[in-house]
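Each of the next two complexes has chain A plus one other chain: chain B in the first, chain C in the second.
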Partner chain A sequence: MAASRTALALLLFAPLAFFAAFFLAPMAVVAISSVTTDGDTLTFAHYARILLDEYHWDVLWVTFRIALMTTLICMLVGFPLAWYLVRIVRWRTWRRICVILVIVPLFTSNIVRSFGWMVLLGRTGLVNQALMTLGLTERPIRFLGTETGILIGLVYILVPFVVLAVGNALATIDNSYEEASADLGVGPARTFWFVTLPLCLPGAVSGAIIVFALAVSAYVTPALLSGGQITVFSMLIFQQYSSVFDFHYGAALSITLLVLTLVLVGIAGRIGDAGRRAA
Partner chain B sequence: MARMHGLVTASALALAATIAPASAQDALHVAWYGGNWGDAFKSCVADPFTKATGVTVVPEVGTSTVTLAKLQQQKDAPTLDVAWMDGGVSELAEADGVLEPLTEAGVPNLANTLPQAIYKNDNGIYAVGTGYYSLGLTYNTKEIKEPPASWNDLWKPEYADAVTIPSPANSSGVPFLFFLHKILNAPAGDFAPVFARIKELKAALFFDSSGAASNAFQSGEVVIGAHFNVGAFDLMAKGLPIGFTVPKEGVWATDARLHLVKNAPHKEMAQKFIDTALTPEASKCLAEKLFLGPSVKGVTVSAETARKLPWGEKGSVDNLYLLNWTEVNAKRAELVDTWNREIAHK
Partner chain C sequence: MIARLLIRIVALAALAYLVLPLVVITGTSLTQTSYLAFPPDGLTLKWFGVLLDDPSYVSAFVTSTLLALAATAVSVVLAVPASLALARYAFAGRALVSSLFLSPLVLPYVVLGAALLQFGSAIGMARSFEALLVGHVVIVMPFVLRSVLPLLTPEQRALEEASMDLGANPVTTFFLVVLPQIRGGIVSGGLLAFISSWINVELSIFNTTATLNTIPVKMFNYVQYTIDPTIAAVSAITIVAAALVIILLDLLMGLDMLSERHRS
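So, the complex of A and B:
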């Protein structure tokens, strides 16, 4: 008993030490610097400056709006894709190829992919050329420097997370539930709505939370695709660290975004739980 | 026997020390930038230095601000000996007290350096420039045949939605506002006219990284705008139809500076390294590789390189608008905040 406890402690030690050194310690540094001044006196002035200023709430609203839209579109695109991969594809090789196609972009850096979108979405880019050739628009549509542009970039980068999370949930659902539902005379649409969907809700919610958290904190994609004309919160944080050098104010901005995101993720988690209980 | 053994070990160590004086511990640690900048610093300065002294140079790659953060963190026990940092960050480092003054006794080549490139205060010389780069008017030669003569061309209606200038997230963003302030003859300390003018600008993007600007010029998204001479000539070298010009108002410029770290573990060698960077050979090499305007007196470069220097074909350091960085740093937070609210906010 004692031996196994020692073994457990040893096993736990490595991940805990790693977690403390690379997550808790930097986090503590940021948290402390957000409530101090250069003279190391305690102050909440940085938070007051953020929370009492309508401008910051404006930027937060833009940030959360973009993240929510990204999550919504990722779910709408990712869910059918996951369904197709798990339920419709019968040929195993083709399924493997599809999974690889979904995952491979994750191996390329965000910077490269966002630069790619800058070229595609530009005034003379492929998207506008195609739209004009098809006669859908007479003048090039402005994508760069708009929320639409940022949304396109973020959805493209984050869709794989939904496909993987939902696909995993779908694959673990026991077919016999759906068969039972059909045996009891319920049509496929109602079976999906009352049986399949609630069963894969936990997977869908975790996918949505990952996408939302990544979209809220995204820097590279919004920074490049906004063309500096739209500000999201992470850009304010970057500015303070990189060009204003006010680390205290920058830290307070970071903690503000972190806390608000955690609150929203917490609410989403509750919704997921409620959904599961209802099922 | 034991004594014998000790003797052998000692002489072996001594021998090793003479053959390879630059074991990892004795290597000189130099902070510089990444990409082609680091490559150029290596081949123009570090390699000749190692050849002459036998001391290995270990690069610590990072942007100026990252280097400053490192220097602040290792204030009590520095591992860095020498650091390259840009103008602006250089002043912040000096204010933080992480730099050691340079002297002509330690760095004799300071005598051959342009007076503008020697930065001193009451403590002495805290930095020395190793080459200038500028933010000039860059344009697409396919769309614009004649080189634009003035910065005012950015506001021409035919370039609407195809213009770029730096955003404050870029190191040149805030300085560029000071430059506009100067060429608009705005009243001292009042930036309202500058922001009013930028609001009238129909920009395609405000670039936050030099790469984003290059990308926009390359794809044709932007046909005219501000860009670094280093980036513009890189695009030209790739065969793109890009031109770079110094308009009649001049250009804003800054420099990559060398600093001796306070309590550097290898002070003597560090000074020698800085001295090597200030030789005409090193300065010429940096001009050819990075198009940095030489800060060393009497450096002659090829006609091809001269065209690409930050001050343009016939200019000199006098054509550059060099900022008083202390003034810029004092106004930095305020200008970034105003920009966020006025320009990057709908």
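So, the complex of A and C:
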């Protein structure tokens, strides 16, 4: 017993020490400075400032609205793609190619992907050219610097997460439930609504919450596609640390975003667990 | 039947949406014009030459590569013992330790980057290669941990015990028995770790300087003011690299994760 304790301590010492020094300690520094002043007195003024300032409510509202729309569109685009890959494609090689196409963007920097959309969505970009050729618009539509532009970019970045989450849920559904439903004379549409959808809902919902959390904390994509016209929450944090140099206030903003994200991820984890138990 | 057709159309449109920006960037990097043109106006590799002639790009490439390699190496060295501890021992606080190591996966990188800048300023480490490295190790270690843990099964354990019963000491057993068994997890987790470090902007941006810069951060700062084919050329290099790594991962462990597992 003593020997195994020593072994455990030996194994865990380095990783725990590293995480304590370079993860927990920095986070503790932020947490502490969010409730102190330069003179090290305790204060909640920084949080009060976030809550009382109307500008922050506007930024929070914009951030949430964008994240919510991103999540909805991601589901609408990602669900059919996941369904197609799991249920419709029968040729293994094609599915393999498709999975690679879904993952390559995940392995490419946010900056590269957002830059791609900066090029595509510009006044003379491919999207406007196509829209004008098709006669859908007479003059180029302004995408950059609008919420629509940010949405297109964020959905692009986050849709692979939905495809993987929903795809995994669909792939692990035991098809005997659906067969039983069909054997009992239920049509395909009703079987989908009352059998398949509820079975893959936990996977889909936890995927959606992850997407929402990532959209709320996104920085690079909104920064590039907003063209300085729209501010989201993570930009406020970056401003405090890079140009305003108010570390206390930046810390309070950071902790707010952190708590928000952890709560969302916690909910997603609960739903995922419940789904696994039910399955 | 109509529903099936609709799903097919939406799915293929979604695939096109996923591929389009990557194709456009790679295409524009080959244009002969000095502005971005797609389809490219004439074909040339001169923008890649411009990159190679620019010392600031070369040094950013070197920094990014060294950073990603070092972060991957350190995270493997930390993750392997951590996963052995988590797989082998039932101890008080095991769940807590496991969530501590995995939590960087869900943490907003902006928050961690800000924390490391603030912490680094306090201990005199801010805006240095070391500050970048420790942050990258924290965010990439979960990838290695997640790939190695599932390989530490009871069957694997049995072989390890056999080795010890036959008189091998723990160190010999680790290198001759355990390591070969978990090598696949280390390689695939290590590749994920390398890529995540290589593409990171949000964490690095707080601790980079004009002279100590990574490729993604340099691109981020550049794109906000200028858009020209050199940036498309850097992007194209990273896209091709990502595609190669994924094809490698696919060959190593098979990425056919979306095939149905319960069809009777």
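We take it that the second predicted complex is superposed on the first by the 235 of 279 C-alpha atoms of A that agree within 3 Å, B and C clash if a C-alpha of one lies under 4 Å from a C-alpha of the other, contacts with A are read in each partner's own complex, and residues count from 1 in each chain.
Please note the rule applied: contacts are C-beta pairs under 8 Å (C-beta built on N, C-alpha and C of every residue); 3 or more make two chains touch, one makes a residue touch a chain.
Every value quoted in this text rests on a predicted model; they were computed, and no experiment measured them.
If you put the two complexes together on chain A, you find that chain B and chain C bump into each other.
Note on chain A: of its two partners chain C and chain B, the one contacting more of its residues is C.
In the superposed pair of complexes, A:V119 makes contact with chain B and with chain C alike. When the shared chain is aligned, no partner comes close enough to touch A:A215: not chain B, not chain C. Of the two partner chains, chain B is the only one that A:R142 touches; chain C does not reach it. In the overlay built on the shared chain, the residue A:R96 is in contact with chain C alone; chain B does not reach it.
Of the two partner chains, chain C is the only one touched by A:V86; chain B is not. Of the two partner chains, chain C is the only one touched by A:F19; chain B is not.
In the superposition on chain A, contact is made by A:V244 with chain B only, not with chain C.
When the two complexes are overlaid on their common chain A, residue A:T108 makes contact with chain C while staying clear of chain B.
In the superposition on chain A, A:A169 makes contact with neither chain B nor chain C. Only one of the stretches 42-50, 60-68, 222-230 or 276-284 in chain B has C-alpha atoms clashing with chain C after the fit on chain A, and that stretch is 60-68.
Shared interface residues of chain A (contacting chain B in one complex, chain C in the other): 115, 118-119, 223-224, 238, 241-242.
Of all residues in chain C, only 3-4, 6-8, 10-12, 14-15, 17-22, 24-25, 28, 36, 38, 77-79, 81-82, 84-85, 89, 91, 97, 100-101, 104, 106-112, 114-120, 122, 134-135, 137-138, 141, 170, 195, 198-202, 205-206, 216, 219-220, 223-224, 227, 231-232, 235, 238-239, 242-243, 245-247, 250, 255-264 touch chain A in the complex they form. For chain A in complex with chain C, the touching residues are 4, 7-8, 10-12, 14-16, 18-19, 21-27, 29-30, 33, 77-78, 80-88, 92, 95-96, 98-105, 107-113, 115-120, 126, 156, 159-160, 164, 167-168, 170-176, 179, 188-189, 210, 213, 217, 219-220, 223-224, 234, 237-238, 241-242, 247, 250-251, 254-255, 257-258, 261-262, 265. Contacts from chain A toward chain B in the complex involve residues 55, 58-59, 115, 118-119, 122-125, 142, 144-145, 223-224, 227-231, 235-236, 238-239, 241-246.
Within the complex, the chain B residues that touch chain A are 65, 92, 161-162, 167-171, 173-174, 203-208, 211-212, 215-216, 219-221, 332-333, 336, 340-341, 343-346.
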